[in-house]
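What follows is a single structure, and I will ask about it in a moment.
Think of it as A, B, C and D in the order they're written, each chain with its own count starting at 1.
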Amino acid sequence: MINKVVRSLKEAISDIFDGAIVMISGFGEAGSPIELIHKLIDHGAKDLTVVSNNTGSGHVGLAALIENRQVKKMICSFPRSANSKVFPELYHNGEIELELVPQGTLAERIRAGGAGIPAFYTPASVNTPLAEGKETRVFNGHKYVLEHGIRADFSLVKCKTADRYGNLLYNKTARNFGPIMCMAANTTIVQAREIVELGAIDPEVVVTPGIFVQRVVHVSNPADESKLVAEDRRYPW
Amino acid sequence: MINKVVRSLKEAISDIFDGAIVMISGFGEAGSPIELIHKLIDHGAKDLTVVSNNTGSGHVGLAALIENRQVKKMICSFPRSANSKVFPELYHNGEIELELVPQGTLAERIRAGGAGIPAFYTPASVNTPLAEGKETRVFNGHKYVLEHGIRADFSLVKCKTADRYGNLLYNKTARNFGPIMCMAANTTIVQAREIVELGAIDPEVVVTPGIFVQRVVHVSNPADESKLVAEDRRYPW
Amino acid sequence: MVTDEKKIGWEMNEVAQKVALDIPDGSYVNLGIGIPELVAGYVPEGREVIYHTENGLLGMGPAPQAGEEDPELINAGKKYVTAIPGACFFHHADSFSMIRGGHIDYCVLGALQISENGDLANWSTGEPKAIPAVGGAMDLIAGVKNIFVISQHTTKTGDPKIIKQCSYPLTGKEVVNRIYTNLAIIDVTNDGLVVRELAPGVTFDYLQSKTEARLKEK
Amino acid sequence: MVTDEKKIGWEMNEVAQKVALDIPDGSYVNLGIGIPELVAGYVPEGREVIYHTENGLLGMGPAPQAGEEDPELINAGKKYVTAIPGACFFHHADSFSMIRGGHIDYCVLGALQISENGDLANWSTGEPKAIPAVGGAMDLIAGVKNIFVISQHTTKTGDPKIIKQCSYPLTGKEVVNRIYTNLAIIDVTNDGLVVRELAPGVTFDYLQSKTEARLKEK
């Protein structure tokens, strides 16, 4: 029998190893799997390469993972924001690496990694510093840059609804990077607000087919990151 | 006001010009926009390049379009099947060109065309006759072939439900090439079994966002191609 | 001088209204963070414009009523928004397929610098201590059909933003189609920068004095 | 000879059962058109296997009851099928992302020829008059983790299908992991073709006499 639902956050993430490449869903706080991230802080795996659009806010979630010195390198499109203090400080001190990628290129590289496409050409970043050192090529009179698919050892993803096959539904703009990160990891670990019976999700509306998911853990009432930031909470608490 | 719904099949397809590249959705009969194709036969545009997974059955739909000598070239993955008589005959007589593409490469080329990716690498067809003359390249010790995105002047697509913005839902495995063909054409023309009020489709379950659709025409009771083939019907009738 | 300029030109709200007037009925539009967001408030009566936000929503509506904010319904600037009837949600790869694939008709962006051939710099000042952050800007300018810039005509210190050659790292080369500032509306053409409209009280010579790049009269 | 062979080997249904036994619980499986489809009938009690059909369905179930056929619910062979609880539908690019991206665990395919290093030819005899048709075969063998071939051991005319080098156009090079025929189960290894199991009444020498490629005993 196929049952991808595991009993605890700890069980879900306990094989994440030092040096792993980890994708973390979310655009800002929307879709960020904060409970999985906090459990990864407890777990302590270090020297991680993290692929995520941002670098977190305040001192919780992804920012706390970085602050806890578990992240060697960030691959992202927008590493600063109103409430991001941790990454800028470590970056200025040379304590963390940054690979800056245009947001659409980041999304397409993740999708390519999941779809078995090793490399593709894109017009984004041509003639800019972000294309320096990269191969360019002209198609139909326009210049494009060669970009490579990314794969991860683990993806940590937040969704709304899951079943035991790992079929997923998301909530509004919290969908963002979730579906493509599910595709691109050897082990995709999902925290779901609700877990429903097989067949309860209409096969026409499944967003992430279960084939892309290895583990599901039930987190019925995930924390609201912006509230924690407003309260200046720090993880571990 | 945005209203992509047009009143007739004729209005929907009347600007398809001689020599156009036309994508036609469907895998076998599932998802094939037979009423739009028949109207294109009435319309008469010729020297078309048609991108479609198959070449039609019997003497209706895509097979009838080919039989009416409107198609100069087919780009497809599987040009023969149990009931395909028209294409094989023209092909043997040298009256129609064929570009044979592996099915996954065909899908990815269409998606790339719609996504602004001019070219990508794929492992499919490496070391086979279908990769002859194509550029190959090694990534991580494996060989891949360079394939190019395809764009069309028009896509003809069948769906289940549409609204006036062009948001679409499909039915079961009739979805197949529809969503990616909608993305890849300058003008996407859709026949829908039902047209609903704006807001009647849950924004979480839209399969084709309206931005990819230019025209929608209501065909409430589309013909069942396999029945027409069984009855040996011929279009024009 | 800065004060002067602000007095004689348009308010940025008026500039946003000018932009909105130039976006046809039925357009798909992506608005950058900040000043560009003002444009959404000025869609002329009778026009329907659909807003795309790159974090996965087509059919973005205005900010929600107080108390109805949903942290999982935000725009690219991470502000609370709503979804209109006929909206749809999608993932990031699909969202940037819309952008890169040429499906978005208009993008309205801010600028740090614009060159006379339409180069845009709007993501980094290139200072060694700055944290570089690009977001979706490079994808947008590479993929969207019409790129409109909306900006103050000069920097906070009164220096020209419309210059011969950008000194900041580029977002893209030869990409800007039209520039809307508090002083003028300027088209980027094959013949150079052509002034389309001057704000009330602004003369061509005054505009040129605030612009390093060579301007042309219409 | 052909008759003989059919008598002494397994029935193809038995071969399909052998394949099904080798597919672990929880696997995602794509079955080719024809004989491979038989495998779905023999999933051992207690195992759950999910079938993918490349035309956009994960969780394909058996053929429908008479009168319940839906022309919009078909498999890659264009036969009527059903969808199990927990199934989902998706478009062709997503479907082949599953295949190309290495997400499908097993693919069971038919073959025209298999070479001793695991090359597969199963889409064209290369005859000038044949209409070439490839479908999804090349994507499947390039992307799926384990490629099982199920086939009669020889052609209709009694010629070997397992040969030194394929004469027909290849579907892929060094791709087949295991071959199931009416006479034997054979592993394709770095050391060549290793016989894993012989059908009742089939000797190694008899099997070798029906096989052009060199076989090895286990």
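What we mean here is this: contacts are C-beta pairs under 8 Å (C-beta built on N, C-alpha and C of every residue); 3 or more make two chains touch, one makes a residue touch a chain.
If you're wondering where the values come from, they're calculated on a predicted model, not measured in any experiment.
Touching chain A and chain D together: B. Centre-to-centre, using mean CA coordinates, chain C is 56 Å away from chain D.
In this assembly, the C-alpha centroid of chain B lies 29 Å from the C-alpha centroid of chain D.
Distance between chain centres (mean CA atoms), chain A to chain B: 34 Å.
Looking at chain C, residues 83, 89-90, 93, 96, 99-100, 142-143 sit in touch with two or more other chains. Multi-chain contact residues, meaning those touching two or more other chains, occur in chain A at positions 108, 111, 115-117, 122-123, 170-172, 203-204, 207. Here, these are the chain pairs in contact: A-B, A-C, A-D, B-C, B-D.
Across the complex, chain A is touched by residues 108, 112, 115-123, 137, 139-140, 142, 144, 148, 169-172, 202, 204-205, 207 of chain B.
Interface of chain D with chain B (complex): residues 53-57, 70-75, 78, 83, 89-93, 95-96, 99-100, 126, 129, 131-139, 142-143, 169-173.
Residues 25-26, 28, 46, 48, 50, 52, 58-59, 83, 85-90, 93-94, 96-104, 142-143 of chain C are the ones touching chain B in the complex. Those residues of chain B lying in contact with chain C across their complex are 1-2, 111, 113-117, 163-165, 167, 183, 198-199, 201, 203-204, 206, 209-212.
Residue ranges of chain B in contact with chain D, taken from their complex: 27-31, 53, 77-82, 87-88, 91-92, 98, 100-108, 110-111, 122-130, 170-180, 207, 224-226.
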